[in-house]
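Which chain is which? They are A, B, C and D, in the order written, and residues in each are numbered from 1.
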């Protein structure tokens, strides 16, 4: 009897093998039906060729093309071309002269900065942070140029508004001008920069930040900035650097390295840095390391000028009531004035 | 869980087969019961408790009734009434209360609380099973089941739990305690299961997809012929879906040693409505005949009362299929047809069967249109299209559906007749290897259709 | 005869008792199923606005674009949406209430909320201890068709108030 | 029992026993294979993520979503799933099935997606949002181009009588609606006649197994748009480059209809070349040119254009003009933007399905001189995100 079952088992086995055979046959049909997606070699090489073009060179060519001579392709119907504040060529050179990138001996100027600044002992009662007079650019021009006058009028107007605390938010008109002006700009920094995007002043795609980052930490993010190949990078860092770097000199060297790396990876980029803001008085009284902020800022100012990076002095905008609860970050009011100030500094009407 | 699903075929079934045939014979009932409860709880994790309650309550009622009969208690009939009443109440609340309360509230009786209850799957089946058990115990047709586990297994055995057939206790009484499964019997079970699976997955689902396409046609594309095509598609879909499911249930029963009664006997070859209902869902119509029609006096009453009995039985049959006016209409439709046959047409049909078959098939097809449309306006428009109201006789779309649906409709026609069964009888046994190879390929096609899973409806949510 | 009759009577008493128990068990089950929490339909934006006044967290009504930017949820996939976002990047408090169309959407919404909280945690990690506390105490409530995310200095009172509003 | 009956019974026993063994083998073999088969996260063939093992919670157990998720998981992770789907397609082909998942299979190896007018109101809402938005910039010329789909232009290739709603009817009513709004600065560009004419001349406007138009189709579209825009399109020469010769697209993976036909993808490069650079704003990267070799090698070769769909692209070119184009688009436009580069200094490409910025600030600040809405009719009709960004929430400061 069991050889009967053995025969059946063998027969069953053949059937299952047959089924597997049938399935493999169907697999073969399937493979033929969807046989490999084959890109064409020649075509792929052309696409790769396009991809390997050097972006900075392309950007250079595109940005420098002579827009003034309007091409005939403009349609007959008279179209008012929206006056985009294109930087005319000669304006660009004066603002950001191409500094000969030389090895700057950091030690020597730092001491000098130290001696000038009143050394604030951490235990001292909180003195009012030295109101920072708007430092003139190092090369002292003879009488105040038109630019300084405009800056001073602007500051006077907004200082008064800040004191009365009636800083209205940006109108649509101002918002659009800011977007137009900073279309090819990247805001780079720590949470002070993140706030710019979070508050909605500029599209998040133009903000690259790393929270609680020191300048060293930002150096690692430079490739991300480089990938965008921006025309201009505005650096805005905060008090993390005070507790990260023991002395202002370390901070200055780090900042110099940052600037050099940026220029190396993004040829022809314009760099600006916003001042390092002091902590609020309340916080300053408890945090000895932060209270030294003005020293760091002064050195930042000095180093920036040495490196040909435009230093934007925003300390005058600070008001105690505009600090957030943590005493480090600023609320929307500060940034409203900050952006208008930027618009003034980088606008065409200077 | 549904038999035609990946979860069942490749997770549940292998596990239950393994556990069942490894377990010692004494423990097999226990294993089958445990798996049946898992099978039910998989889709209804909440209503499993309602079924368990129903099982316990009916077990105790069974013992009470048999006890009453033993002591010739005066209350025997009353206790039976309460026992059956409890089951009908449970079915009534979950299946009909939402519908009834919404109708009553609709006509102004606002104080009736409208409860939104989801219908538990299979409640109609196991409730009717319990009622037939209690009445049979009362009539001393069967000996009461003393073992609670065996009784629970009788009610909740997974092959027949969700969509029947409504198994009478007397059919499986002996098998509950002693049953044997030989390889040949298991193979026979496999044959039934495969036939059911093929009917459901390869025929019913495709016909269903065809019907859905036709049903969703806007008035612009509709035409008389297309409407009839859609009606035939649904007629075959519900037959292959339901008879396929019953075949799978019978097949699974055989695999575990049970013999369930046949539920379908090629109903679309019936020459008259009466014989159609002797071939369609046999276990249900025999249940109604046994426990409603005969107690009401059946045929042995005056013609006037007989008409009343027929109408009541068929309204209830229709209403059993779903809580909706259209189901009652469907039941009434058949009640009237049966009366016409009995009192007007008599046996004149029997003399020429072919016109009888065609007429019966057309009447049944129209019947299904009442059955499928729960919304009256949709029903009227569709049936109207079938009779040329509001659309042309035929148009390009008819050509499209004829081309794409003709083969599956022809297959449907072919497989709803016993021709294949007779051919299979000789052919399969003599050329057994090739016929089993054919079954393997068909099984693979079923798996392929289930893997792609584009259209696999579960029609029993209303039953 | 009488004594036989007594046994009969006592037996019938047990039967009545059992039948009564069977009926009550059935109605108890029906009650348990029927009264399954049916939540009140509420006006989502208005409810979230009232929720936001309970604590002094600094947040403000945000538009559907920032919802899409921060949660990746498209407002018109759902019946209604109410979102209060942080006032500054130094605040962590947020409220998001979503009324889904189908229950199958619930898992996706909860996941989007969890991803948002996880992202915020990376932002405040080692930086803002109190913000991290709020984030750790984030509440994800699912009631019927409503999914509610609470990140607040006083999450439990917001939760209590929400449940009071929505429970039947 | 007669001898014949005994032989009959023996043969019957043999048949059922063998069937019993084979049935058990099949069930256990497939169940075992399913257990050991490696899980896959993504199906390149169906271009979708496959269901993973659902995690059981009391909530999803109770409302039944767990058992459904389990069923999807088992079907998605079934061993050699693609072959089973192919087998099902073979069966469907033999049974004469012509329709699956909204896609019709035509005799001439074309897969054509149906057009169903399910929600006219939503389409009207989108159109109203677009018109309101354009009213805010009366001085910027705007162009509205809805590209007809294959179900309209290749109507004759559909299985005859296929119950499809006509795109033409909807399009005419839509065009009328836009004309009634009579915006002075808006021009509607219709391509139906151009496409029909091209098809008559035997040109291939649509891919056969993908819902997109071919690059030649995009060329014809660009030519018509340029005419309306007043661009010197004819002065520009194009170099045709074949980049893919076995392209099988989304309609095949969506419907499960496998067919041997495969199309070629070509690129039309301007001759003389024009330097251009694409800034992927959201992804914060700027890449040369418009094409991605990675996209070409990926699952969907149509992503050779820009590597797929992105929220906001800012293309700047060396074209000697100061015209700047803002284009709202779906994936159709990816193939056409290359044709516009030589005529615009900047092109801002916005895909409303992913864009979350403030569109009005962008329109005003980017010095836009031309606005274009480019959609294929089916996606435009079913779109729900364009009205969202055009109405937009109240922009925070």
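What we mean here is this: contacts are C-beta pairs under 8 Å (C-beta built on N, C-alpha and C of every residue); 3 or more make two chains touch, one makes a residue touch a chain.
Keep in mind the model is a prediction, meaning the values are calculated, not measured.
**Student:** Going by the contact definition above, tell me which chain pair has the most C-beta pairs touching.
**Tutor:** A-D
**Student:** Which one of the chains is closest to the middle, using the mean of its C-alpha atoms?
**Tutor:** Closest chain centre to the overall C-alpha centroid: D.
**Student:** Just the number, please: Cα centre separation of subunit C and subunit D in whole Å.
**Tutor:** The mean C-alpha positions of subunit C and subunit D differ by 37 Å.
**Student:** Rounded to the nearest whole Å, what is the centre-to-centre distance of subunit A and subunit B, using the mean of the C-alpha atoms as each centre?
**Tutor:** Taking the average C-alpha coordinate of subunit A and of subunit B, the gap between them is 71 Å.
**Student:** I'd like to verify one number: the distance from the centre of subunit A to the centre of subunit C, where each centre is the average of its C-alpha atoms, in whole angstrom.
**Tutor:** The answer is 41 Å.
**Student:** Taking each chain's centre as its mean C-alpha position, how far apart are subunit B and subunit D in Å?
**Tutor:** The separation of the two C-alpha centroids amounts to 43 Å.
**Student:** By residue number and range, which residues of subunit D touch two or more other chains?
**Tutor:** 14, 17-18, 21-22, 26, 87, 357-358, 395-396
**Student:** Identify all positions of subunit B at which a residue touches two or more other chains, and write them in rising order.
**Tutor:** Subunit B, residues with two or more chain partners: 46, 433, 436, 440, 444.
**Student:** Two-or-more-chain contact residues of subunit A, please, as numbers and ranges.
**Tutor:** Residue numbers touching two or more other chains: 11, 15-16, 19, 23, 199, 332.
**Student:** Chains as vertices, touching pairs as edges: which of line, ring, star, complete or other describes this one?
**Tutor:** complete
**Student:** Taking the touch rule as given, give the residues of subunit C at its contact with subunit B in the complex, in rising order.
**Tutor:** For this pair, the touching residues of subunit C are 8, 11-12, 15, 18-19, 22-23, 25-26, 29-30, 33-34, 38.
**Student:** For the complex, which residues does subunit D have touching subunit C?
**Tutor:** Per the stated touch rule, the residues are 59-60, 63, 65, 356-358, 384-385, 388-389, 392-396.
**Student:** So in the complex, the part of subunit A that touches subunit D is made up of which residues?
**Tutor:** 4-5, 8-9, 11-12, 15-16, 19, 23, 26-27, 29-30, 32-40, 42-44, 46-48, 50-55, 58-59, 61-62, 65-67, 69-77, 79-82, 84, 169-170, 172, 175-180, 183, 199-201, 203, 205-206, 208, 224, 227-229, 332, 336
**Student:** In their shared complex, at which residues does subunit B touch subunit C?
**Tutor:** Contacts found on subunit B: 46, 49-50, 53, 57, 60-61, 64, 67, 71, 73, 75, 79, 82, 86, 89-90, 93-94, 115-117.
**Student:** Enumerate the contact residues on subunit C facing subunit D in the complex.
**Tutor:** 62-66, 68-69, 74-76, 103-104, 107, 142
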